[in-house]
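Working notes, structure below.
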Amino acid sequence: MAFATSNSGGDANNHGGETNLTVPNVKLQSLTHLTDYMPGLKTQPNPLDNSPFFHPISEFYISSSDVIMSNVIHDLSGEFSSPRPHLAYHRAGPRKTIYFDPGQVRAAIVTCGGLCPGMNTVIRELVVGLWEQYGVREIYGIRAGYRGFYSFEPLKLTPKMVHNWHKKGGTVLETSRGGFDLQQIVDSIQHHAFNQLYIIGGDGTMRGMVKICEEIKKRKLNIAVAGLPKTVDNDVGIIDRSFGFQTAVEMAQQAISAAHTEAESAVNGVGLVKLMGRSTGHIVLHATLSSRDVDCCLIPEIDFYLEGKGGLFEFVESRLKNIGHVVLVVAEGAGQDVIPKTGDQSHVQEKDESGNPVFLDVGGWLKTELKNWWKREHPEELITIKYIDPTYMIRAVPANATDNLYCTLIAHSTIHGAMAGYTGFVCGPINGNYGYIPVDEVAQAKNRVDVKNHKWAWVRSVTNQPDFVRCSDSTGK
Amino acid sequence: MAFATSNSGGDANNHGGETNLTVPNVKLQSLTHLTDYMPGLKTQPNPLDNSPFFHPISEFYISSSDVIMSNVIHDLSGEFSSPRPHLAYHRAGPRKTIYFDPGQVRAAIVTCGGLCPGMNTVIRELVVGLWEQYGVREIYGIRAGYRGFYSFEPLKLTPKMVHNWHKKGGTVLETSRGGFDLQQIVDSIQHHAFNQLYIIGGDGTMRGMVKICEEIKKRKLNIAVAGLPKTVDNDVGIIDRSFGFQTAVEMAQQAISAAHTEAESAVNGVGLVKLMGRSTGHIVLHATLSSRDVDCCLIPEIDFYLEGKGGLFEFVESRLKNIGHVVLVVAEGAGQDVIPKTGDQSHVQEKDESGNPVFLDVGGWLKTELKNWWKREHPEELITIKYIDPTYMIRAVPANATDNLYCTLIAHSTIHGAMAGYTGFVCGPINGNYGYIPVDEVAQAKNRVDVKNHKWAWVRSVTNQPDFVRCSDSTGK
Amino acid sequence: MAFATSNSGGDANNHGGETNLTVPNVKLQSLTHLTDYMPGLKTQPNPLDNSPFFHPISEFYISSSDVIMSNVIHDLSGEFSSPRPHLAYHRAGPRKTIYFDPGQVRAAIVTCGGLCPGMNTVIRELVVGLWEQYGVREIYGIRAGYRGFYSFEPLKLTPKMVHNWHKKGGTVLETSRGGFDLQQIVDSIQHHAFNQLYIIGGDGTMRGMVKICEEIKKRKLNIAVAGLPKTVDNDVGIIDRSFGFQTAVEMAQQAISAAHTEAESAVNGVGLVKLMGRSTGHIVLHATLSSRDVDCCLIPEIDFYLEGKGGLFEFVESRLKNIGHVVLVVAEGAGQDVIPKTGDQSHVQEKDESGNPVFLDVGGWLKTELKNWWKREHPEELITIKYIDPTYMIRAVPANATDNLYCTLIAHSTIHGAMAGYTGFVCGPINGNYGYIPVDEVAQAKNRVDVKNHKWAWVRSVTNQPDFVRCSDSTGK
Amino acid sequence: MAFATSNSGGDANNHGGETNLTVPNVKLQSLTHLTDYMPGLKTQPNPLDNSPFFHPISEFYISSSDVIMSNVIHDLSGEFSSPRPHLAYHRAGPRKTIYFDPGQVRAAIVTCGGLCPGMNTVIRELVVGLWEQYGVREIYGIRAGYRGFYSFEPLKLTPKMVHNWHKKGGTVLETSRGGFDLQQIVDSIQHHAFNQLYIIGGDGTMRGMVKICEEIKKRKLNIAVAGLPKTVDNDVGIIDRSFGFQTAVEMAQQAISAAHTEAESAVNGVGLVKLMGRSTGHIVLHATLSSRDVDCCLIPEIDFYLEGKGGLFEFVESRLKNIGHVVLVVAEGAGQDVIPKTGDQSHVQEKDESGNPVFLDVGGWLKTELKNWWKREHPEELITIKYIDPTYMIRAVPANATDNLYCTLIAHSTIHGAMAGYTGFVCGPINGNYGYIPVDEVAQAKNRVDVKNHKWAWVRSVTNQPDFVRCSDSTGK
C-alpha cells in the first residue's frame, strides 16, 4: 500500500471500503460512519446502479479516497515542503456502497434559526433527490425548528407538494430559535422511527446537532445525521460561502442605492444602512465592493470611534464638505463595545432564544449621535440623515439563480453522504468543490473578514475611509 | 353669444381670446392670467406654428373654451337637472396664443419636500420640453428647495445634462423642507430675472406658491408660476392621482411580501409593515388590494383600538389561532391619537421644518404593545413579530413606466400653460385628462380615503378585518 | 317624473327598479336584463344586506340611475349646448336588488385567446368575490377557451385553490384560440346547468359572446353572461384601458433598454424591437414615451416607407451619422401593407385559429432590408443591427400592482352586475369609474392611437421622427 | 535553495527577484516578464508602499513564490504520489517590485467581441484602480474593439467620467468583431506611446492578443499587455468562471419562466428557449438546474436526434401526454450537425467578422420540425409552440452584485500584474483565488460541459430527459 492510514487507526477498512486515508503529508479529516458504532450494519443494493442517468456507473461514483485539498494557495519558497500535513476533506457525491435500503428510509428535514434565501430550495431538493434518485418514499418535514420534533406532528412531504417551493422565500416548514431539548428531540426521533435527519441551520443549530449525534451514538441508533449550514451572514468557516449569501448581497444593493439617492438628493445628506452580520462583515464588505456607492463601512471585525481626529464624524464632515453627501453602511454586530448601555438597557435580556446576544441598535445609535454632534458643531447648517434597516426585505426573498443552483447541489450531495452511511457531517463547497466536513469542526470554525487581506484594503481604498484601528492605536488606546 | 361668462366678470376677453366661460349650469374654474394684472402684455409668435410635429396646427391647439368636467358620475334621478352648477376645469395643452418670446424666457425649476419617484423625470421633461418644443435656452435648476433661491447659485440645465435623469431616483436638484422666506425668494427671482417658475412639491409647497404668486402680483412682475403637485401619499385633491404613487404601491409589495414570508415562516408569525401616508391611507389601501397578503390595514381615516372586544389584538389572536400567521399594514399617520405620549416624548419638537407634525412611530408602538399583550395573555406561547419600515426604499427609486409617462405628460402640459400666460396654476389629470387648476384650490383640497365607498368595503371584505369604528361606537366610546 | 325614459321603451320599470333612464340630452346605453326575456324572474334576498363590510347598506348600493358620462371633455363654445345627446353608461357596483339565489348559482369562468398579465388575478377575484361576498359555492373553471366547454370537464374552483394565482403569469385555466362552436357551447352550458358565465377574452371572444347571448336568449335560459375584456394591446374601445397593459409597457422597457445598450455599444449600432400591437400602437406609444430611449416608432395607425427622401432609412442614416446609434420600435401590425409577399409566403395560411390575420414579421423584414440597403449605400462601413422580439417575456409575467388592483376591481364589479340580473354586458373603467357596457358595443369599438392628438405629436417631437404620411403624400404616393 | 527552478532555465532570477520556481512535483506556469526581453528595465518606487490602505505593507504584497494549485481534487489512492507534476499558477495581487513609474504610464483599454454583463465595471475599475491606487493619470479608452486602435482617436478616461459606468449594461467604449490588423494596431500603440494595454475579450480576442504580444516582443517595446477574459458563455478554460455569467444565468430564468407560463397556459403547450452557448452548454445547464422548470435541454456537447425511439419528439410527446406541457431549452450551438443546410443556406457566409462560424437557427428549426411532425402524427390535436430568443435581453444588462464584485477584483488584480512588469498574461479566478495565466494557454483552453460528471447526470435526472447519445449509439448510428 502506497501510503499510511491515519486518524482512524489500523482498522480503517472496517466499513465496506470507506477508509480514511492519508498520503504522507496529507491529513484527511475523517468522518464518522454508522459502522463506527454499529459494526454489523449491512450494505444495501444501490438504486443508482440501475439509474439511466448515472450511467455508466463506474465514472460517477466517488470513492473514499477522493479528497479536496483545504488549501490551494501555497508559498513555494517554504511551506509546501514543510512537514506540516496538508488538510483534506472527503469529496461529496454518490457512493457505490450504501448502507440504507431506500424502502426503509424515514427521513426528517428541519429548518432552524432565522430566515435565509434558499431554505425552501434546499428542502425541495432534499425531497426530490431522495424520492427521484434513491426511491425514498417516507420523507417528513419537522415544523418550526428543533422544538418541532416534540411539539408538532411531522408533515409528510412529496415531490408534488414541494414542486414550486424554490420560488418562495422563507421556509414552508417554519422555523424558530431555541427549543433545543436534547432528550425530547431524540426520543421523538426514535418514536417516529426516523433514520435520516437533515438539519438546516446556523452555528447554534450545528452545535445542537453535535449533541444529537452524540446522544444517537450513545443510544447506538442507526440514524444518519447530516447538516446543511445556513447563515445569511456567511460566517461559517471552512466552506467557501453559505447559500443565500449572494442573494442577500444582491438585495442589499437596493437599500444602499436608496440610501445613496436620499443622500444625493439633500444638502448634507447622509444615507445610513444597517445590514446583517452579527460577528462578521461579509455582507457589508461584498455589498460595498459591488455597489461602489458606499463611503464608509463599519464591520464587527474592526473597532471604530466617533469623535476626534481620525474618527468617523471627522470623516463624515470631510465628505459632506467635499462631496455634499455620504453613505455609511454598518453591520448589525459592529460597534457593540462602544455603544453605551443606558440604565434601562442594562436590564435588557442579553440573549435571544438561540442563545445569541441581543444586539444594541448600532444604526439608530449612530443616527442619533451624528445628529447631535452635527447640531453642536454646525448649529447653522442643515443635515439630513436617512436610516434604512432592510434586514427582512433582504432575507425573506427567494434565492437567486446562483444560490438556487448551490442549494440544489448541496442538497443532493448531502443525500449521497447520508445514504453512504456517513453521519455527523456537514456538506459545503471547499475551493469550489463539494465536500463532507465533520460537524464539530464546522460548529467551531468562524469565517471572519480578514482585515489584513486585499479585499479589505480595497474596500478602504475604494471608500477612502479612515483606518480606525491604526489611529486609535497611535493615540495609545 | 350662447352662454354667459362668469367669475372673471365682463372683461373676460381682455387677454387674447383667453376667456373663462361657462354655459348655464357649468362653472368653469377660472385661472389667473398674467394679463389680469399686466394688461399691456403682448402676445408673441408661437414656435409651435412652424413645428413639423404639431401639424396641421389647427387640430392641436387647445382653446380656452375646452374644458374637463369635474364630475363624471351622476344620478340621473335628480342631481343632473339640479340648479347646482357643474364644475369644470380648463383643459391643458398647447395654446395658439402665447405671451412669452422663447428667446427671452428664463425658466427656474425647484423641487421641495420629501422624495417621490418621478421628480427627476419631471425636471428632465421640463428642460427638454422648453428647449425642444419652444426653443427656450435659459433654463435653471434651483438647488435644495425654496431655500435654494437665496442660498445657492442656480444651475444651468440643458437637454444633454438631463438626458438620463429619468432613470434615477430622488432629485438631482436636491430638495429640502422649510426654508420658505418669501421676500428673499422673490427678491432672488427678480435678481436672476426669472420669468417662468416651475415648482414641484406637496401641499406645503403649494401653500408657499400661493404666497409667491401674491407677492409677484403685488410687485406686478411678468412671471408665470406653475405648480406640479408631488406627493407620494397621493393626498392631493381634485387630481386623479399624483406621480410616483403607482411606483410606491409597486415597491410596497416587496415589503408586504417580505412581511408575509416572515410571518408564514414562524409559529404565530406577525408581519408588520409601516407605509407612507401622513393623513391618508391610499398607499396602504392600494398595496393591500394589489397584494392580497394583508390581513388588516390601519389608516389615518379610521380610528382603531387595541384591546377588548372588536379590537385589533382580538383580531390578531383569532388569525393566529386559525391561520397561524397575520400581516398588518399601517400608515405612518394612523393611530396618532391613541399612541400615548410619554413624559419624554411630550417635549419632542412637534413640527418638522416643513411645518408638518412629527409623527409618533406607530409601527414601533404597535410592535411593543402587541408583544407585551401577548406575553400577558399567552405566557407559554411563542410569538414572532417582524416589523418593516421600507419608506426610503419605496420613495427613492426611479419611476416605473406608468409614472414616467405621467411625469412626461404633466411636464409638457405645464409648459404650455406657462407659455400661454397662465400663472398660479397647477397641472394634473382630472378624470383621465390633463387640466389646469388654480393653485389655491389645490393647496386646500385633500384627497382622503372615503371609508364609506366600495374600495374600503372591499378592503374590509378582503381582509375580514374588524370595523373598529362601529364596534367602538356601539360600546359607547 | 323629471325626465323621459329612452331605449328600452315604456315598460322599463318591469325589473325591480332597474330602469334605463335619460335626462334630456343624456342617452344612457341600456343593458340587457334577464327579465327582458324572462319576465317572471324573481328577485332574491341580497346577502350583502347583512354583510358587516357593506354597512350601512344604504350608502353602498348603486342604483340604476347612477351613470358615468362617456365624455368629460367639452368645448363650451358650442357642443355642450348642442341637441346631440350626451352618452352615459350604467355605473358598476353592488345592486340592492339581485336576481340570483347564491345557493343556486353555478358560475363558469373561461379564458380565451393569447396571454395577458392579470388573467389569473381576474379568475382569482371572481372566485373569491362570488364565494366571500355572495356565498356562492359552485364555481367552475372551463379549460382552454371556448372549446373547453365541450372538450374538457369543468374544474371546480375554491378560494383555497386560487389563493396565490394572482402571483402567477398566464392562466391556470389554460387558454386557446378558436374552437367556437356555438351549439356545442350552449348545449354544454345547459348540460352543466351553469347560470352565470364569466368570459375573459379579446374582441374575437367578445364577438363570440354576442352570439352566445343571442342563443341563450333564443333558448330563453336564465343565464347571466358577463365579459371581462382582455387585450394586452389595449385596443378595446370605450374603456380607459385594459388590464395587463401597464405591466406590458413596464416589461417592454426592458427590451427597449437592451436594444438601446446594444446600439450604444456598437459603431453604427441599430437596436430594433418588435412589440405587441396587432392593429394599434398603444404599447409602442406608451413604451416610447416612458423610456425616452427610442428614436423612431412605427405603428399600425401610420403608413411608412423605407427608401427615398423622408423615408425611414434616411432617418436612420442621419441618426447614425449624428449620434452614432439608433433605436427603432415597431408594432407587430405595422407596415403589413408594404412588406412584399414572396411566392412562398403567398400560400401561407392567412388567418390563425381565432380568425386573426397572420402577420408578416415586420421586424425581421426591417432588419434584412436595412442591412441590404446599408451594404449598397455604405459598402465600407460597419453596421450592427440587433433585433429583439420580447413578446412572450412581456405577456407571460404576473400583473404589476397597478394591474392587480384593476383586475380586482373589475372582477368584483362584474359579479355585482351578474347577480343583479344584467346579461350581455362587459365591465370596464370609463373615465376612471367602473361601468357596464353592452357587449355588442364593445365587440365593435376599436381603440386606435389618434395620430392627430398631442400624445402622438409628443412622440414625434421626442423622437424627432419623420412624418411619413405627409412626406409620402407630398410625393404623390 | 530548497527546490529546483524549472521552465525558465537557470537565469530565472534575472528580473528583480521575480523568479518562476517549482518545488519537486510542482510545475509553475511561468509568465512572460518585460525583463525577459528588456533586460535593462529598471524597477520603480511603488506608490503602494506609502498607501494608508495597504498598511502594514509586508502583509499585503504577493511574492513570486505565491502560487495557486490548479487541481484541488485528488484521489489519494494513487495519483497524488505519482511523478506527474502538479500544475500551479502565480497568484495575483500587488507586488512589492514594480517596473512602471506611474507618472509615465499611458494605459489603453479596449473591449472586443459581443456584449457581456460587467464590461463597463471592468473598464471603470481599471480606470479607478490605476488612478487611485498607483496614481496613473494617462488612461485611454480605445473605441470599438481592435479596429479602434487605428480607426478612432483614443478617449481620455478619468474616475469622474466612469463613476457610474458599472450600473450600465454594454460597453461605453463600444465594441466590434474583427478588425484585427496586427501591424496597424501595434503601429498605433507605438504612435500613442501606450505602455500598458488592457484587452477585454473572448477567445478570438485572446488569440489576437497572443500575436500582439509577439509583435511587441519582436519590436522590443516596453509595453505590458494584460487580458481580461470576457465570455458570457463561460467557455474559457482554466478559470473558474468568467464575469457576466452569473448575471446571464439569472436573466435566463426570466425567459424560461415565460416559456413555462406559456406552455402551462395552453393545451399541449411547448415552451422553447434558445440561450447563448456557441460551443458549450454552461448557461443552459446552470439555468436549468436553477429554474427546475425545464423538461429537456440540448447543448453542443451532446448529439441528439428528433424522430424515432429515444428521440426528442418521442420525449416531447410523452411529456405532453402525461403532464400536458413541456419546456425545452437549447443552446445556440447545439444541433448544428443535424440541421439540414438547404440549397440557399449553403451559400451563406460561413464565418462572422470575428471568424466564428455563423450558426443555423436551431430554435427556429426545432419549432418548425416539431410543428410539422405533430401535424403528421396528431392531425386532430392542437399544439402550441412558443419560441423565445432572449439573447440580447440577457447580455445587455448591468452585472449583478456577484459579477460586479468579480469584475472589481479581476480589474485590480490585473493592474497589479501589469505594474509588476508581467505581460502576455490573463487574470482570472482559479479555485476561488485570482491568478495570472499565460495568455496562450487561455487562448487554447476550452471549458466544455463534462457530460460524464455529476452535474450533467443531475440535469438528466431532474429533467428525466433521454440520453440521446446512448440511444443513437445502440442503433448503430
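Labels A, B, C and D are assigned to the chains in the order they are written; within every chain, residues are numbered from 1.
By definition in this document, a contact is a pair of C-beta atoms (placed from the backbone, for glycine too) under 8 Å apart; a residue touches a chain by one contact, two chains touch by 3 or more.
Note that the structure is predicted; figures quoted are calculated from it, not measured.
When the partners of chain A are compared with those of chain B, no chain appears in both lists. The chain with its CA mean position farthest from that of chain D is B.
If each chain is reduced to the centroid of its CA atoms, chain B and chain D end up 49 Å from each other. Distance between chain A and chain D, defined via averaged C-alpha coordinates, is recorded as 29 Å.
One inter-chain figure worth recording: chain C and chain D are separated by 45 Å, centre to centre, where each centre is the mean of the chain's CA atoms.
If you sketch which chains touch which, the chains form one closed loop in which each chain touches exactly two neighbours. Taken together, the chain C residues at the contact with chain B in this complex read 2-3, 21-23, 26, 28, 51-55, 59-60, 63, 65-69, 72-78, 80-81, 88, 91, 93-94, 124, 128, 132-133, 166, 240, 246, 249-250, 252-253, 286-287, 289-292, 400-402, 404-405, 408-409, 412, 430-433, 452-455, 457-458, 460-462, 467, 470.
Those residues of chain B that touch chain A in the complex are listed here as 115, 143-144, 168-172, 174-176, 254-255, 257-259, 261-262, 264-267, 269, 382, 384, 386, 388-390, 392-393, 396-397.
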